[in-house]
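See structure below.
Note that the chains are named A, B, C, D and E in the order they appear, and that numbering of residues resets to 1 at the start of each chain.
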Amino acid sequence: MARFTSRQSAKRGLPPGTAVHIGERKVERTRITVITFSETAFNEREAASADELPSLPAADAPGRGVTWINVDGVHDVALLEAIGSKYGLHPLSLEDIANTGQRPKLEEYDGYLYLVARMITPADAAGAIASEQISFVLARGLVLTFQETVGDVFDPIRQRIRTAKGRIRKMGADYLAYSLLDAIVDHYFVVLERVGESLQLLEDQVVLRPAPQMLQRIHRQKRNMVTLRRSVWPLREVVNSLERGESALIAKPTRLFLRDVYDHTIQVVDTVETYRDVIAGLLDIYLSSVSNRMNQVMKTLTIIATIFMPLTFLAGVYGMNFQYMPETRWHYGYFIALGVMTVLGVLMFLAFRRKRWL
Amino acid sequence: MARFTSRQSAKRGLPPGTAVHIGERKVERTRITVITFSETAFNEREAASADELPSLPAADAPGRGVTWINVDGVHDVALLEAIGSKYGLHPLSLEDIANTGQRPKLEEYDGYLYLVARMITPADAAGAIASEQISFVLARGLVLTFQETVGDVFDPIRQRIRTAKGRIRKMGADYLAYSLLDAIVDHYFVVLERVGESLQLLEDQVVLRPAPQMLQRIHRQKRNMVTLRRSVWPLREVVNSLERGESALIAKPTRLFLRDVYDHTIQVVDTVETYRDVIAGLLDIYLSSVSNRMNQVMKTLTIIATIFMPLTFLAGVYGMNFQYMPETRWHYGYFIALGVMTVLGVLMFLAFRRKRWL
Amino acid sequence: MARFTSRQSAKRGLPPGTAVHIGERKVERTRITVITFSETAFNEREAASADELPSLPAADAPGRGVTWINVDGVHDVALLEAIGSKYGLHPLSLEDIANTGQRPKLEEYDGYLYLVARMITPADAAGAIASEQISFVLARGLVLTFQETVGDVFDPIRQRIRTAKGRIRKMGADYLAYSLLDAIVDHYFVVLERVGESLQLLEDQVVLRPAPQMLQRIHRQKRNMVTLRRSVWPLREVVNSLERGESALIAKPTRLFLRDVYDHTIQVVDTVETYRDVIAGLLDIYLSSVSNRMNQVMKTLTIIATIFMPLTFLAGVYGMNFQYMPETRWHYGYFIALGVMTVLGVLMFLAFRRKRWL
Amino acid sequence: MARFTSRQSAKRGLPPGTAVHIGERKVERTRITVITFSETAFNEREAASADELPSLPAADAPGRGVTWINVDGVHDVALLEAIGSKYGLHPLSLEDIANTGQRPKLEEYDGYLYLVARMITPADAAGAIASEQISFVLARGLVLTFQETVGDVFDPIRQRIRTAKGRIRKMGADYLAYSLLDAIVDHYFVVLERVGESLQLLEDQVVLRPAPQMLQRIHRQKRNMVTLRRSVWPLREVVNSLERGESALIAKPTRLFLRDVYDHTIQVVDTVETYRDVIAGLLDIYLSSVSNRMNQVMKTLTIIATIFMPLTFLAGVYGMNFQYMPETRWHYGYFIALGVMTVLGVLMFLAFRRKRWL
Amino acid sequence: MARFTSRQSAKRGLPPGTAVHIGERKVERTRITVITFSETAFNEREAASADELPSLPAADAPGRGVTWINVDGVHDVALLEAIGSKYGLHPLSLEDIANTGQRPKLEEYDGYLYLVARMITPADAAGAIASEQISFVLARGLVLTFQETVGDVFDPIRQRIRTAKGRIRKMGADYLAYSLLDAIVDHYFVVLERVGESLQLLEDQVVLRPAPQMLQRIHRQKRNMVTLRRSVWPLREVVNSLERGESALIAKPTRLFLRDVYDHTIQVVDTVETYRDVIAGLLDIYLSSVSNRMNQVMKTLTIIATIFMPLTFLAGVYGMNFQYMPETRWHYGYFIALGVMTVLGVLMFLAFRRKRWL
């Protein structure tokens, strides 16, 4: 649970705009990949430091193409600051990039848009879903992406750029940013499907054989849904603002595509809400199964007690030591007593059957 | 439950606007029906491929009438793309047509409106309601509809067109689209009535004889309501946007009719909400019936124990083997003991009756 | 429950604007009452058919007064269509008049306003509240009202018109429509008071002696509240639109009065919400009373068992048949044993008293 | 509960604008107090009838000051109508003054504002909070207040006017109205503090010794919160409209003070919401305490049964009358049996202790 | 709980704008610290009374810098009034400063902004979180802060001013106010982390060994969340209004920083909401653990009873004193009986194992 707070307190007392890495350090060293492409050209390389990053051509340079710089790992604050000063990023953006507990948001700065999305990662062994912060900077002809760890969710996009498949080489930086966002949102569906499957499994088990540890699994899924909502609800707003916003950085044709991503985020939200209902139903079924078993236990007890208490009483009566107890002297007294007890027991049994307790 | 996610992950990594069929393949082969009509003319035929589809007359051609192309089955992506290129559909529309997990929505593209509705189908044997995606494309003089499977919900409309009954032959493509939407919404009432009947049945059973499997039926109905809400809530917004939108494709007289459909969707929403309340009430009654039965069980146990424990104790006392126990030597000791036990038992019984436990 | 759906499916496949009576047929034959009045004149008569209905004078005829046509019974579709064609009603209005499952709404058509309200009728023998659809058509100098059944809620208005009491004869058709709406809303208070009384009664019973059938009565009241909300929430919006709308058919002085009706609908809504809280509280009290009784039962069982099990064990010990059991040979052994048992029993009893179980 | 409906039905069928007293008659006779003051002058007297009320000076009369007429008791409808006709009140305002079931509201009429607030009175012996309607009429230089009963909540204001303390003598009728409203809102805090104290008390009791009657006290407090919300939520809106409204009757400096009252109403709302949470928590704790006691009961039963059932069985075995039972012939058989039983009992006891049931 | 109301009633009947200290008196004597700084100059001193406070230079004085006056302790009303009259504060602001039960709010007065925030303090020994009111007055070149007690949350800001670290010396009073707000909001994270840790601890305990006092701890945390929400929800609105407001006192560059604070408040709100979910889950788990233990108890009881009741009955049968009971005369009768009882017991045991009760 402590993970919910993400150690913001480390920043306490520092001047605003101080980039401090907050969050788990997830990679050994930061990796910077630079891809530049235009409809006809393509170049891909790694950069060891901020100095090796390309300078941006003048805004009106012909055929200037698109530059995409992807940074894996955000713990190296000095590097972030060097990148920030190279491309004119505001200190507050750098602070947010380094502080990985941001919720998805879109902020407009002079000359660029800063956007935070959260990518979710499938449930770990304990069944918990985590989320990772991905920051975007979208400027004219430039997309910067910052990931906490080396991921493969952007690989299909890289592949499409390399092979010039689809529209991506013909369109601008805004379309690239859209494609990356789309990849992140598509990844939600993958994780949701797995969740759906494990809910299905859980449901079968809960109905068949409720056990206390299932309650904990149900609650883990409930928290997963909270994590997902916290990631996707604000993302929906972000995409909506991008689509409807007035930023000149987003061209009109790209807006149509953003509308499509917006649609997908709504589908994710819908699915999450549905799962929440399903989980609430699982909880009901679990509790009801437990109470049903309890009922069975109590019925068993009652049936046993109701049958044997009167019989034991009868046996006790004939175990009394009165000197004059006529029945005890009858030759068949014992067998008559046994017979009476048997009849009594059978009658009880039939009564329970009629009441449908058996 | 896995059905909730509809396999969006199949699309992961593909360029946007790539039409990929997502969903269950519900028909053997795609069937295309072409109906063209004007106030005086009428023609109906099947088309084997996109090539056989009619070209649209120029916008100002006199008496050009309305063309309605209905496609049953959306798994043939190549066909969809052929239709799309014939009538100038945007790749994103085609993607949505093929991907049958859309929620109802209305999107305006250059020259046409793209609309998704979901038709619900009555509960299957297991009592689950499903929904099917129906896509509409409304252009000048043209309505395209895409269904997942061959359905009969549009048959009355076809019949009305054939027999020139009602306004439908005199009005334009927007009125045709309205009529089709209206048919879909009317179908909700049919399904809701069946749900209402099975809720009525369920309620009677829950009150009379609660059983654990009823809980599962209650939950199935709860999920059905979720499915219905997911289908009809956004549809309501879609119809509202159509009515109040500024698209030139919707003529003013048609808007009055759309207001009527809007009204019907609100009635559906209302009924769904009412059913949700009813289902929540059923759950309460079920749980309370169960706990009531438990109460009965416990009372029985307590009564039996309270009556027989003291009696058994008494019998035990006179079963002790002390050498000097005066009562055991009395001639009528045994009968006195039996009498005392009987009186004690009857008193207990009367006490329970006064406490209304019997 | 089936009543919630109101058989909309009967209309499936019919062209829109087809008036079909949907709902229970509540009167033997339709009755049409025509009242025409101005500040000085008054006329009241019954009309046997649409032909006998008065034609409307030209809009600028001097002293033209107000015509109020009330129709009791809406199953005679042919009659409705005759009336519709006489006064120029749109087919969709006629459809809504005949289809008695409408929710309250206000629709503006060319030349008239169409308004639906729902009048509630007090709980029947089973304690269920029903609602009846009342349609209004308000045109210049004309009010048409359509009721499902012959009711007396409008009688005071008729009386006021006859006796020229109050403002009603001096003002226009809009004021008449307002007065009728006001009468309907006032009727809600009557029904709500009865509900309040029966809730009071129910509360007393639930506290004193909870019984399973009370749960069903509580749920019936809960559903009644749902019925009321469905009737009055949208009515509130209708009255608000009337008051703030821009229709020229509503004169400014009448708007002040409509604000008053609006206020009353809010009071009804408030009361309904309060009753919902009260009913939720009743449910809590019922469940808690039941569990309290269960507690009593279990305590009784435990006390009995805890007192008599050790005693029975003691008796059992001295009932053992060992040859050498010194106590059994003591002369007062039996009485000592009885004494020990008594003391043990009393100590147990006191222990329970200290724990406040008794 | 019947009090929630406030007998609106008494008005059924009457023409609108008919003032009818609805509500409990709380005072013997109506008392009218007239206070006129300006910065320099002050006059206070009682009026026996409407005739003795002062006429308002012309709007531009110099030094005209402020007239405050307070009416205690609203059942004398004739008097209300006389006052109404003297100061030009609309019949609908008079109707609302006499009908004491209004919710707080602000209505603008020609020449005056009509405002309803509800003053709450501390819990009675049964712990129920009631509310009383106070109507305000604010015209140029005139404030009319109508209370259901003679109250002391306005006394500090009277005192301030008499002693010319604070701003009140220097400012206009709007400031007077503000001061009165402020006094009403401040009174909420007094009542809320008492509620807070009795909640504190209740909490201590619920934790220590839960009893069924506490549940009813909790529910009474819950309803009190409902009463408070119904009084203060709309009041908040009223004050907000006063502050932001465009009425010329409210001078700009007074608006700053109204913002302060608005703030106080928000604090009241906040406190009420907090108390609702507290009450919900009390309910949880109550239910959990009850179930905890049940647990204790069941554990006691189980421990007793588990210890004594096997022992009793053992004793029963040696109570059997078989002729050949070798142990019974051993000289120390009895003591060995007793020893075994003791050891068994102690082992059971230790097992329970290890399971922490003891 | 009484703390929720904060003794507003002390003010009852006083004229508005009368500053009365409401709340606990938390410091011995009021301490006033005055810091004046500009980019180049810095001065820090304590003031003993309002007379020693600096007068503000004229608005257009060159290099006038920023004056920050911090007042610890708000019970000295005379001092507050002296400060108020020195810097032209409205009586209503002074009233709010002294009355420490305000919710966060922003009010614009002539020439200054008045802002209330609440700082939370970590949970005390009993686990309860408290909040303290901090009032800000922001005028041109002047920031006044009023705290209830001497705190250290502003120390890092003081340090930054002293050492001229960061932007703070270069920017105006608005930036100073922003920095102080930021420090308050950052402090929320510190407290939230501690809450997170104690929730983690609580969860572990609830799962392992549920005890009634945990319920109270859970409820204490629930109330803490209420306290936090009441502090941070309105603060969020305050910051938002500051950022988007049109006050000339907030310069454009500062608005970017305020957007950042706004973001942090949203994160706090998010975390609080998440914790509420976690707490609700804890409650579920607690209740379910308790009922699970109950189940164990009942199973134990039932197993014991079901095994020993039939056996005791059998022993009772052979303890009967009939003269003719053939089995009792068999030489091995006793051992056969014991054998039968053993077999019966083992069979029962196996039956329970098959039902998974053991």
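As a convention for this text, contacts are C-beta pairs under 8 Å (C-beta built on N, C-alpha and C of every residue); 3 or more make two chains touch, one makes a residue touch a chain.
As the structure is a prediction and not an experimental result, all values here were calculated from the model.
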item: Co-neighbours of chain E and chain C - touch as defined; value: D
item: Graph separation of chain A and chain D (steps between touching chains); value: 2
item: Turning angle required so that chain A lies on chain B, C-alpha fit (0 to 180°, nearest 5); value: 70
item: Homomeric contact chain C-chain D: same or different residue positions, threshold half; value: different
item: Cα-centroid distance, chain B relative to chain D, in whole angstrom; value: 43
item: Distance from chain E to chain D - Cα centre to Cα centre, in angstrom; value: 27
item: Junction residues of chain A - those touching two or more other chains; value: 291, 294, 298, 301, 305, 309, 312, 316, 319-321, 325
item: Graph class of chain-chain contacts, one of line, ring, star, complete, other; value: ring
item: Starting from chain A, with chain E taken as the next chain, the full ring order; value: A, E, D, C, B
item: Complex contact set, residues of chain A against chain B; value: 155-156, 159-160, 165-168, 178-179, 182-183, 186-187, 189-190, 192-193, 196-197, 199-200, 203, 207, 256-257, 259-260, 263-264, 266-267, 270-271, 274-275, 277-278, 281, 284-285, 288-289, 291-292, 294-295, 298-299, 301-302, 305-306, 309-310, 312-313, 316-317, 319-325, 356-357
item: Sites on chain D touched by chain C in the complex; value: 1-2, 4-5, 7-9, 11-18, 90, 92, 95-96, 101-103, 105, 107, 109, 209, 212, 215-216, 219, 222-223, 226, 230, 283, 287, 290-291, 293-294, 297-298, 300-301, 304-305, 308-309, 311-312, 315-316, 318-321, 325, 327-334, 337-338, 341
